[in-house]
Structure formats: structure tokens, C-alpha cells
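You will see chain A twice below: alongside chain B first, and alongside chain C after that.
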Partner chain A sequence: MSTFFRKNLLPLATLIVIIIFFLAAAQGMNSQDFVITLLRGLSVGAVTFLVASGFSLIFGLLDVLNLAHGTLFMIGAYIGWTVFVRPDTFVDLLTPLALALSGFTLRDVYPLLSDRIRLSLSMKRILPWALILVSALLFILVLPRYPIAGWNLDNYAQSPVTYSYMADQGTRLPPPTVAFDQISPALAIGGLLLVSLLGSFGLSLFDQSARRSPQLTWRSYASFVILLFIGLITFIFNDALTNFLLGLNANWLFFIAVIVATLSGAGLGALMEMTLIRPLYSRPIYQLMLTIGLSAIGVQIVQAVWGRPEFIMPKPTLFNGSGASCPATNFSSWWQGNCSTILLLGGRVRVYNEILIPIIGVLVLIAVWILLQRTRLGMIIRAGVQDREMVEALGINVRRAFTIVFALGVGLATLGGALAAPSMGLSNAMGESLLLDALIALAIGGLTSYPGAALGSLLVGLIQQFMIQYGQIGISIPFTSLVLKPTPPIVPASTVLLMVIILLILPNGLLGKKE
Partner chain B sequence: MQTILDVQGIHTFIGQYHILQGVDVRVPAGSITALLGRNGAGKTTTLKSILGLTPPRQGKVILDGREVQGMRSFDIAAMGIGFVPEHRAIFRDLSVEENLKLAERAKGDYVRKRDFIFDLFPDLKRLIALPGTSLSGGQQQMLAIARALVADNNLLLIDEPSEGLAPVIIEHMMSVIRQLSAQSTVVLVEQNFLVASKLAEYYVIIEEGRSVRSGMMKDLVSDKAAIHRYLGAA
Partner chain C sequence: MQKKSSSFFRNHRASFILLVAVVLLPFIVGLFEGASPAAVWANQGGISKFAEGLGIEIFILALYALSYDLIFGVTGLLSFGHAMFFAVGAYLTGIALKTFALPLSAVIGLVFLASIVQALLFGLVLPRVKGITFALVTLGMASVFHIIIMSSELGSYTGADVGLQGVIVPSFINPANERLRFYFVALVVLVLIYLLYQRFVNSPTGRVCVAIRENEGRAKMLGYNTFAFKLAALMLSSFTAASAGILHALYQPIVSPNVADLSFTVTALLIVLIGGVGTLSGALIGAAIYRLLDFGLRRYIGENASFITGAIYVAFVLFIPYGIVGTWRAKSFRIAEGWRRLLAAFKT
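Coming up: the complex of A and B.
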């Protein structure tokens, strides 16, 4: 234990100084403000952590700076909103999505197929592009004709804003009905399947480092068959599934929305890694450009699909009550009235934002920690962070671990997005500022350290919220009668300032390891 | 005699550098074969090319009668190769036990082989809970070899086992490697000719990316001129 202190003297000292400063500054605050600000800080810290931890896991193992992480966070929020507010749209999307993704699961098969193709060198260069082009054209032809119940961005009464508002009031607008009238179902399904097969084969040809696996087994086809099956089942039972989801209690629907957002993020992450990131492992600059580009594309897609205006995501009914018994005075009265706020030490605390989100943040922290420390996958990740080549030389498929980590990282971001949507609201820009906060948190905590991501996010959240609070009440400087009032622009600057100070003292961050 | 590993005329590039320009290595089953040559001759790259870590662009690597060049590294390794790299590559964030467990290829490998490994390296049993960072150079080398023994490997590729070790520990390593060669074939890269000549039965000399001479070690030992020409002062 004493060696632990000796080795970590500087980080511990820095942390203690931060805490002393913090306590000294908090002196002039009454307990009610203090509790609220502390909980808000925890809430912001938890959301930041969900983004930062995924970013740090990906960077640690794969050396990829995924600058699209903020956008993926935002996409998570919009996916969560869609499932929660418009489950009918979500169900309509399942079939085309399952079909479009199915081809990408055949990645073990493609190298064998491409070995068989005998073409001149120039044709081999053109082939992937040609395949992707045909696939994209087909996609543009088929998808708009596929009936998906959506919303109308130009008509206010049918816009996401209105759907959200009505759902928040507890009434649902009747979903618009759509049917196959522009394209026959068989043509649509076959077309989407072809899009997926051509596109994924084309993309796989770019991966020069793809090497043949020893033999194909049923496993190589299993995911393909499963996705195909899901696509057909959701096609056949579309109405039944929609009615089931619409009839669900809003709490369960919200839970499903969060799960779907997380899983979609994981799937999106796996897809990104396998098709786009993988060919670029040896070219870090291109990775940066790719993720920046993806980020911009993501924002554009979200604008095109959900529109520019900001809108809210209703809270699940468990956290949305406002009856006579509200605000709740203790947790049992909260449970009875489902109040949106609760009185803690005299302060009114929003249950969803300031209690549920921090709790989930802590649960995720623990779950991922267990994954890293107690499972074989965690062992592979920790070893791979240091020396991928050696892990592979032990006979371990590191690439699979790469894909899983990328999926996990993006899944955490979209989980964060869906969770934060009811408290932050949905906007196209919600990811950018969060990515910046997450990067600052990682710089403070240590870029590839998982506990560092948690500590850094916590500090960033607390400092932001306390600075906002100080902007109203002022900081009383200890032992003097001076009161300092930070202006609003100080709020973002304060976290950067902390980062600069910490990096000057500890270039690897509080918990980062020396390279 | 049966050949377990047959490397035929491999060419390997690292980036744009043409590192291996035709290397042939034949390894008889059950033997210890030493790859000799000066610094930077391509000995380590040869080992890595066998494993596909630096995949050869030309030539064949035949392992147990099967062409493995172009296969994924982990698939090649899983065919039964244990790799002990230069500088040991112990995983710092893993405990000694985790370093060994990671090398499992089938569940339970570690438990099954534990006693055998601790017989060879009694020190490791004492250090089992320590993180990889806190080991000395000799202990790291023991762990690196032990790690290659957890799975049932019939071919061990050992890179510079004596590098940076005290003479007593080198003696220990040599006896361990000799013991291991009773069960598996060993390919050894070794700068220290004295160590290599005591251990190996066969040798291959690599010079500037080409294999230039190979044969029985006992013939080389008596050929002072060749030792001087290829390996410098011996």
C-alpha cells in the first residue's frame, strides 16, 4: 500500500489540491445549492463518462481517435427518440435494416470469393467501386419506395416536434398508414438484399490486409441466416409488433428504446470498424479524416431525416409525474406519485436527470470494469492495448476483439445519447460539445485509462455545474471578504483551464501511464 | 528425418524495405535449430514471417505439410506454435497468472499445464499474483517461455533467450530449452554463438536477408573460418 502512495504521489497530491480548492470555494454555498449542484455535476459527469469511456477504450486498443463519437452519441439520442415516440416507424425500419446489414456478416466468405475472380489488374481496381456504385444506385431506387411510416418535416402538425409534444402529454397521434403500392414486396426485399451483398462485397475488396481463414464453417453463415430470418419475421409480423409496442406502458417502451439505441450503436460501431476503419489501421491521418467526415455525414443524415429544429424527448412516466403530491419528499412518496422532482436537503432535484443518470453512469462504470478485469475478453483488451502482435502470436483473433471494442465503445456513446435525450433535448449539435467535454475529461484523467475517463468526466461535470452556480452566487475567496463572480463564458473555459494545469503538472493526466 | 517446418525462399517487406530476400529454413522434427547471423540480418523477421506477423510476399511456409503463408497469424499460431519474442513482450497490465491464462488455446490449458511449468520455473509460482511490470529481466524471460508452453505447441520459436541475462540465468534457460526439445521442436534466434552452439543441432546462417549456409552445428563449430566470416569474431 505504501508503495502505491509513493508511486502515485504527484497525481494524489494534485487531486487533493483540487479537492481543497473545491471545498474552500464551496464554503459560501448553502447546503441546498450544494446538493443540487453536486448532483447536476454528477449527471453531466455521467453522460460525459459514457462518451469518454467508449472513446478511450477504442483509442486504447485500436489507436483510432474516433472523432465521430460525438455524432454517434447524437444519433443514439435520435434512435432512442424514434423507438420511444414513433415505435411504428421503428418496426417498419427493422426489415430493410436487417436485410441491408445481412451482407456484411459474410466477411469470411468474401476473401475466398475474391480469390476466385480472375481479372486484369485495372479491372480489379475498378471492381470494388463498380460494385459499390451499383449497390448505391439500387439503394436509392428501392429504399424511397419501401413503405416506412414516418413524419413530415414540412408540416408542423406531423413533425417530430408535435409527435414529441403529444407523447409528453400522454396522447399518441395515430400513426400514418403506409402500404406497398410503389414496389412489390418481393422486389423490395430482393433489392435490399442485393444492395447489401454487392455493397459489402465491394467494401471488403478494399481491405488489402484481408487474409483467408482456414475454412468456412456454419458459423461463417450463421449471422447472415439469422439477419435474413429477422428481416422476414419483422416483415410478416409488422402490424402485430407495432400494436404490441404501442400498447406498452411508457416505462417499458423507454427501456426498450434505450436498449435498441445501445444495440444499434454497437451494430453501427461493428460495421464501421469492419468496413471503414479496418483498411486504414496503418494510416492514422486517414482515420482522423474518415471519422471527421463520418461525423459531418452523420449530422447531415440526422438533419435530413429528423429535421433541424430541436425537440424534446418525453421522460418515461415513472419520472414525469406532477400531481398534487409533488415534489416528493422522500423516495417512497416519489414511487407512489412518480414525481419528476424530489426534495433532498431542501433542494428540488429532478429524479431522472440528477438521480437516475448518475446511477446508470456508476452501473456502466462497474459493468465495464468487471468486463475488463474479470473476463477473458477484458484480458485480451488489456494485453492488446500494449502489444497487439504478441496477442495474435498467442493464437488469439485480435481483430474480433477490435470489432467488439469498437462496438462496445459506440454502444456506450449511443446509450449515453438515448439516456441524455430526455434531459438535454434533441438537437443536431448535441454531440459536438459533448465530444469536446469528453476529450477534455480524457486529457485530465489520462487518455487510455478507464478509471481516468471516469475521474476526468466527474471533474469536468462538477466544475461546469459549480461554475454555473458560482455565476449566480459568486465565489467567496477564503479568509477575505472578496466575492468573485465568474461570467458565463468561464464555464467552458474552466474545464480547459483545469486540463491545462493538470497537463503541465502531469503530462499523462491524473491516472494515465507513462509511455 | 521428418520436417516439421519448411520455409522456402521467402521474401518479406516491412514498409518499403525488402528485408528478407530469399530465406530457406528446414527444421527437422524434434530438433533444435539455430538461426545465426549478425544484427539486422533478418533473423527476427524470419520468425515473424513464419507466424505471418510480417507476412511474406513470396515463397512458401510449410508447417506440418500445410502451406500457411497468407493465413491469418492467429490461425497459424493456433496450429501449434509457441512464440517467445525478442524483449519478451510480457503484458504489463496483466498479472503473471493472467499472462499465462491469456495463452490458453482451450479452456483449462493453464490448470492442466501449471505443474509442468512451475517445475521448470519454480520462481514463477512465487510471483504468480504480481503484475508483469514488477518482474526482473530473467523472470520476464521465464514467463515469456512459460507462456509459450501453456498451449500444446509442437513448435517453439524463441528469439534471443539469453539477451541481457546474467550467466547463471542463461545456464538455467539453456537447460530448460534442452528439456523442452524432448517434446517439441525448437527454432532459436541467438546472438551468443557459444549458447547457440551448445544448444542447437542444426543451424541456418542468414546474411543480409538471405540464408547463406546451413547444416549440422557440429560441422560449423569446427569451421573457424566460416564462423569468423559470417558471425564476426567468435
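Coming up: the complex of A and C.
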């Protein structure tokens, strides 16, 4: 124990100084404000943690600074909103998505096919491009004719803002009916399948390293058949599924929305790593440009699909009640009334924002911690963070771990986005500011340290919220009668200043290991 | 002597043709509209004045990207706070001219001092933090500066979040009336600093900077005081970015606080990546491409332009792997070979 203290003297001393400052400054606050601010800080910290931990895992193992992480967080929020408020759109999208992805699961089959093709060298160079071009053209031709119930950004009555508002009021607007536009359903589905097959075959021709001769078993086709099956089933039972989701309790629907956002984030992450990040491991600097570019594209896609105006995702009914018994005074009365607020030490605390989100944050923290510490995959990841080449030399397939970690990191970000949507609201700029917060949190805690990400996020959240609170009541400086009121710009500056100070004392952050 | 100079011209033929083209550009653009060179010389309005304005913006951006290329591409320091160097120059010039009515020469001296001071400020943290941590610390410093100029307490000097406006520009290079002169001044500054940078990179000092980028430990082991070299590169870079800031403050009617933002540093990073990391000429080409792309897309596509810009960045990374100049250098032999074969095919 004493050696532990001696070894970590500097981080511990820094932490203690921060805590002393924190307590000294908090003395002028009454307990009601203190509890609320503390919980708000925890909430912001939890959301920041979800983004920061994924970022840190990716940076630690892959050495990729994923500057698109904030944008992915935002995309998660918008996906969650879509599933929650417009389940019909979500169900309509399932079929094209499953069909479009099905081709990519035939990875092992394509090398056999391409070996059969005998072409001149120049034709072989042109072939993948031609395939991708044909696939893209087909896609542009088919998709607009495929019926996807959406919203209309130009018409306010059918815009996401209105749908969101109506859902918050408890009434759902009836989904618009859509039909195939000058195309027969069979042709549309066949076309989408062809798009996927041609496109993925074309892409596989680029990947020369995949030219091993795989043993073709039923496994090579299984996922393709499953995806095809899912696509067809969701197509046939489209209406039934939509009605089922629309009739579902809003709490379950919210749960489904969060799960879907997480999974689609993970899928997006895996796709990103396999197609775009993988060719760049030899040129790490250009990953910055790639992720900046992707981030710009993501923001634009969100603007084009969901529009520029900000809107709020309604809370699940479990946290949205405002009956006679509200605000609740204890757990059982909250359970009966489903109150949106609860009285804690005399202060009104919003249950969703300030109690649920921190709890989920802690749960995710524990789950990922168990994954990292107790499973074989976690062992590979931890070893890879320390010394990637050594792990590779031991014959472990680190590349597969790369894909999984990227998927996990992005999935955590989109989970954070979907969870934060009801409390933060959806806007095109929500990703950027959070990415900056996450970066600061990681710098404070230690860039590649998982507990460091948690500690840093906690500090960032708490300091931000307390600074906002002090902006209203002022800081009473100990032993003097001075009262300092921080103006709004101080709020971001305070975390940044803390980061600079900590990095100057401890260049690796509070919990980071020395290189 | 004669022979030497002629070979110098031959070696840099492309650069000289480009320079002459840039010098003649306002007049040529004027001819398209039917304006005589004399009218262009007299600063009459029209398309050539507009082209001059675009050219000036490109020169300023090129100067700024050049300074980033020196510390990032040549010395290998990843800084996320570079916009501060630029913004200090711009804001100091604006405030000194507007509030204190100093003469321009005094302003330049002041900015020179300030740029040394901020390079020293970055140098203060240089020995302690490395790699991505250095990037984050510089980001922190630049954010603090950004917050300071945005704060309402200093609004009477900096204009807070609206930006600094109403800078009284000395009449002899006022961009409204004497834009052609401003164009040539910016061009001369750019060319001089570019030559200085070429000289710096090819000097023993610059070579040590490249060695630091490649392997700092080895450079240290060879007995070089790497800190001093990094500081020298930082100072030169800081001064260049601040001079770009001076030009910016003189040229733009409003100096917006966005020039101290992280996104403006990212602009420099993108320009350098487009042009080719560590190739000084890449920064110039990258700046021209970046500005023209931005201008063209915004004009012809409108609000959704950044989708295309993002797609172009991704395509750049995938298909032009080392930036324009970097890829050209790596493949110039093969490209030349291809041309020769093409010409031969036409001859027969």
C-alpha cells in the first residue's frame, strides 16, 4: 500500500488539490443547489464518458484520432429519434438496408469467383470501377422509387419538429402512406440485391490481401441467407411490424430505439474501419484528414435528412409524468406517478436527465470494464494498447480486434447520442462541442487509460456544471468577503485551463501510464 | 557565372512561369471583360478587382499554411493552436491601428515582438509534452485566447463575438482603392517568405528540424539540442503566421473571432495535407485549391457545399495518398514516362 502511494504521489496530490479547491469553492452553496449541480455534473460526465471511452479505446489500440467521433454521436441521436418517433420509417428502411448489406457477407466467395475470370491486365484494372459505377447507378435509379415513409422538411406540418412535438404531447401523427413509384416490388428488391452484389464484388477486387483460398462451407453463405431472409420478412410483414411498434408502450419503444442506435453505430464503425481506415494504417497523419472529411459529410447528411432546426426527442413515458402526485418525494411515489421530477433534499431533480443517465453511464462503465478485464478479447485489446507489434508477433489476429474495437467505440458514441437526445435535444452542432469535451476529459484522465476516461469525464462534467451554477450565485473566495462571478465564457475556459495545468504537471494525464 | 544563373532559371522554369502568370493575372482577367491594362492599373472596379481579392485571400491563406507546414510538416510538431499565431497578428494589428492609431511600421514591430512572445509561450510547454499531448495543450492555449477575444469585457477593443471592425487602413495600401498594390504587396511578402523558408529548410538548421521529425531521440543522441531547433522553427512559423494575420486585418473589413478557432487550425492542417506534408510548395498549391474549391462550391452549389468538400477530402486521402506535391514527387518519374509514351504514340 505504501509503495502505491509513493509511486502515484503526483497524480494523487493533484487530485487532492483539485478536490480541496472544489470543496472550498462549494462552501457558499446551499445543499439543494449543491445536489442538483452535482447530479447535473454526473449526467454531463456520463454522456461525455460514453464518447470519450470509445475515442480512447480506438486511439489506444489503433492509434487513430477519430475526429468524426462527435459526428457519430450526433448520428446516434438522430437514429434514436427516428426509431422512437417514426417507427414506420425505421421499418421501411430495414428491407433496403438488409439487402444492401447482404452482398458484403459473401466475402469468402468472391475470391473464387474472381479467380475464374480471365481478363487482360487493363480490363482487370477497369473491372472493379465499372462494377462499382454500375452498382451506384442502379442504386440511384432504384432507391428513390422504393417506398420509404419519411418527413417533409419544407412543409412545417410534416417536419421532424412537428412530429417530435406531437409525440411529446402524446398523440402520434398518422404515418403517410407510400407506394412503389413506377417500379414493381420484385424489380425493386431484385435491383437492391444486385446493387449490393455488384458493389461488394467490385470492392472485394481491390482487396488483394483477401486472396486466400477459403474452405467454402455453409458458414460462408449463412449470413447472406439470414440477411436476405430478414429483408424479405420485413418486406412482407412491413405493415404488421409498423403497427406493432406504433402500438408498443413508449418505454419499450425507447429501449428499442437505444438498442438500434447502438447496433447501427457499431455496424457503421465496423464498415468505416474495414473500408476507409484500414488502408491508412501506414500513413497515420492522413487519418486526420479522412476523419475530418467524414465528419463534414456526416453533418451534411444529417442536415439534408433531418433538417437544420433543433428539436427535442420526447422522453419515454416512464419519466414524463406530471400528475397530482408529482414531483415525487420517494421512489415508490415516483413509480406510481412516473413523475418527470423527484424531490431530493428539497431540490427538484429531473429523473431522466439527472438520475437515469448517470446510472446508465455507470452500468456501461462496469460492462466495458468487465469486457476489458475478464474476457479474451479484452486481454487482446489491453495487450494491443501496450504493444501492438508484440501481440501481432504472438500470432494473434489483431486486425480483427481492430474492427471490433472500432465498432465498440462508435457503438458507445451512438449509445451516448441516443441517450442524450431527450436531455440535450437534437441539433447539427451537438457533436462538435461534445468531441471537444471528450478530448479535454481524455487529456485530463490520460489518453489511453480507460479509468482515466471515466475520471476525466467526471471532472469535466462536474466543473462545467458547477461553473454554470457559480455564474448565478458567485464564488465566495475563502477567508475574504470577495464574491467572484464567472461570466459564461469562463465555463468552457475552466475545463480547458484545468487540462492545460494538469498536462503541464502530468504530461500523461492523471491516470495515464508513462510511455 | 553566366552559366550558373541560366541553369538556375532552367531548374526553376515552372516556378518562374507560375510567378509571371500570377503577376499578370489581374490584367489578363481584365482583358476578358474588355478592360484595358491601364484601367486595371488604375484600380477600376470589375471582375479583375474581384480576382485580385480572391488572389489576396489565397496569398494570406498560403502564408498561413506555409507557417503550419514548417512546424508540422518539417519539424513534426502537431499543434492544434496554430490559429492563435494568426489571430494574434490580426487582432494586434487591428487594435493598434484602430484604438491607438499607431503607424504601420510600429504595428509590424509590435506584432513581431508578440509573435516571438507567443512562440516562447509554446516553447515553455515544449520540453514537457510530446506528440498528441502537445497538440492538446496548444489547443487549450488557443481556446483560452479565443475565449479572451470573445469575452464581452474586452468588447470595446476586440468587438467580442461580432469581430473587430472599422480598422483604419493606411491609405497607400487601402484594399478598397489600391487593391492592385495590395495584391502585389501580398505577393511579394509571400514570395520572399517562401524563399526564406526554402533557404531555411535546406540550411543545416532546417536539416536538423527534419531529423527531429524523423527521429527525435536519434537527433538528440547526435548531440543536437533539439529544443532550441524546435523553438527556432516555432518562432519563424509564429512570425509568418502573424504576418499573414497583419495582411488579413488590413484586407478584411471585419476580423471575425473565428480566426482563433480550432476550425481555422484545421484549415491549415487540411491545406497542408492537400498539398503534401513537409513540401513547402504544397502549402501554396493547397491554399489555392482549398480557397478556390470553397469559393466555387459555395457559389455554384450553395449551402450543401461542405458535403462535396468532405467527399473530396476522403477521395484525396484514398487516391492522392501523399498530397498533390508529395504524390507528384513520388510518382513524377512514372508520370513523365507515361507522357513520353503518349507523345511517342502520337508521333508514329
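Following the convention adopted for this analysis, the second predicted complex is superposed on the first by the 468 of 515 C-alpha atoms of A that agree within 3 Å, B and C clash if a C-alpha of one lies under 4 Å from a C-alpha of the other, contacts with A are read in each partner's own complex, and residues count from 1 in each chain.
Here, contacts are C-beta pairs under 8 Å (C-beta built on N, C-alpha and C of every residue); 3 or more make two chains touch, one makes a residue touch a chain.
Because the structure is a prediction, the values reported are computed rather than measured.
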Fit or clash - chain C, chain B, common chain A: fit
Touched partner set for A:Asp387, first chain B, second chain C, both or neither: first
Chain B versus chain C as contact partner of A:Ile396, first or second or both or neither: first
Chain B versus chain C as contact partner of A:Leu290, first or second or both or neither: second
Touched chain A residues, chain B compared with chain C: C
Superposition-derived angle with apex at the Cα centre of chain A and sides reaching chain B and chain C, degrees in steps of 10: 80
Contacts of A:Val496 with chain B and chain C, given as first, second, both or neither: second
Touching partner for A:Met379 - first (chain B), second (chain C), both, neither: first
Smallest separation of CA atoms, chain C relative to chain B, angstrom: 12
Residues on chain A lying within both footprints (that of chain B and that of chain C): none
Residue numbers on chain A that touch chain B, as the complex places them: 211-214, 376, 379-380, 382-383, 385-387, 389-399
List of chain A residues in touch with chain C within their complex: 65, 276, 279-280, 283, 285-286, 288-290, 292-297, 299-301, 303-304, 436, 439-440, 443, 447, 487, 489-490, 492-493, 496-497, 499-500, 503-504, 507-508
In the complex with chain A, residue positions of chain B that touch it: 51-53, 55, 70-75, 77-78, 81, 83, 85, 89, 91-94, 98-99, 101-103, 105, 147, 151
Of chain C, residues touching chain A in the complex: 125, 128-130, 132-133, 136-137, 139-141, 143-144, 147, 150-153, 262, 266, 269-270, 273-274, 277, 304, 306-307, 309-314, 316-318, 321-322
